[in-house]
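A, B, C, D, E and F label the chains in the order they appear, each numbered from 1.
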Amino acid sequence: MDTWLPTLITETPQKGYELALLLSRKAVGMIQPDENIRKMLRPGYSSDADSLTMASQVVAINFQIVAAANNYWIEK
Amino acid sequence: MDTWLPTLITETPQKGYELALLLSRKAVGMIQPDENIRKMLRPGYSSDADSLTMASQVVAINFQIVAAANNYWIEK
Amino acid sequence: MDTWLPTLITETPQKGYELALLLSRKAVGMIQPDENIRKMLRPGYSSDADSLTMASQVVAINFQIVAAANNYWIEK
Amino acid sequence: MDTWLPTLITETPQKGYELALLLSRKAVGMIQPDENIRKMLRPGYSSDADSLTMASQVVAINFQIVAAANNYWIEK
Amino acid sequence: MDTWLPTLITETPQKGYELALLLSRKAVGMIQPDENIRKMLRPGYSSDADSLTMASQVVAINFQIVAAANNYWIEK
Amino acid sequence: MDTWLPTLITETPQKGYELALLLSRKAVGMIQPDENIRKMLRPGYSSDADSLTMASQVVAINFQIVAAANNYWIEK
């Protein structure tokens, strides 16, 4: 299996936020591994406001993890 | 790419709250990058009470992160 | 802009709970700044049990923040 | 105003759990202060499985706060 | 009242997970004390995928509490 | 009963993420033990975008636990 998550440490908060987005997408990919189905779902999904809000919530929860792992980038 | 999140540190709790709002909006923008679609969604979305509650929940989760990063602004 | 959140510190847990409620309402106000629309939404919203539960969840998440900021009012 | 939350400290985990339930109910009461409306909502609400699950989630979030405040009752 | 939660400490992570499940069910029982209504709800509820996901989320939140209480069973 | 969760410690963040996925699935299995019903639910569930988002949120919450247990794999 590919290594897609070698570390939770990022250089900046912004890169941490991007990692949080990656984590969120990865879960979807692990639950529904069929890329064709996922592609089919995306247009409807990303045009519905509540769906977007729900997705942004998952990003926020993952960002909690990444931010804590990086001690909120305070030393930097 | 633009730097939009150089730090999680803010001067005051209120500025931290505004950053939490920005984080929430940013996720939506990263998931749905098409600004036209987002603008189209906004009126309906922000006139539905449950949608507003869901969005305010994402802000709350992001505020948890920002508040922890700032040690709850206790020293200040 | 008005200062509406000078501190997360409150004298008692109960005042902290009220602050959590204020934080929850503030997010809604920042996302939907039009007070007339918000007033229109309120009756329906606060008469639907699931909407109330969702709103109480946002209060709970905000109370986590306020309670942690106050070290759970343990010294008092 | 009545004091209904003098402290987050409880003697036992079980009493802490009951306090979490009280906190959850209190938010609902503060958002919808009209007891008659709340009573009207209760039968439908507590007979719907998803509504019950959502409500139990709010209890869980509040229990996180109470448990942390009591240091998980470890010393006792 | 019966003592059903004497402690959050468990011997193993797995027993902690079972306690998280118990906590989730207990909230439902405290909100809807009528066992007959709960039994009536169960078949429909546990055959709906989203309902199951929602319920598993409550278990996850409760497991956060139990895991933290046990310091993640690290010493063992 | 089988031991399926001997520890929360994993070698890498990625293995921790997989454990979070296992935890999420385990809760569903404990709430609905009938494998036939679960298999029947899966196709519909994993083809609905909001269902996938909800499921990915449970994974995120479980990953918070696993990541904290492993101190975010910082020493490694």
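Here, a contact is a pair of C-beta atoms (placed from the backbone, for glycine too) under 8 Å apart; a residue touches a chain by one contact, two chains touch by 3 or more.
This one's a predicted model, so the numbers in the text were calculated from it and none came from an experiment.
Counting every residue number used by either copy at the chain A-chain F contact, under half are found in both chains. Separating the centre of chain C from that of chain D, both taken as means of CA atoms, is a distance of 16 Å.
Averaging Cα coordinates per chain places chain A and chain D 31 Å apart. Put simply, the C-alpha centre of chain C and that of chain E have 27 angstrom between them. In chain E, the residues that reach two or more other chains under the touch definition are 50, 54-55, 57, 61, 64, 68. Under the stated contact rule, the graph of chain-to-chain touches is a ring, a single cycle where every chain has exactly two partners.
The chains touch one another in a closed ring; read from chain E in the direction of chain F, their sequence is E, F, A, B, C, D.
By the touch rule above, chain F contacts chain A in their complex via residues 12-14, 17-18, 21, 46-50, 52-57, 59-61, 63-64, 67-68, 72-74. Across the interface of their complex, chain F is touched by residues 3-9, 23-24, 26-28, 30-32, 37, 41-42, 44-45, 50-51, 54-55, 57-58, 61-62, 64-65, 68-69 of chain A.
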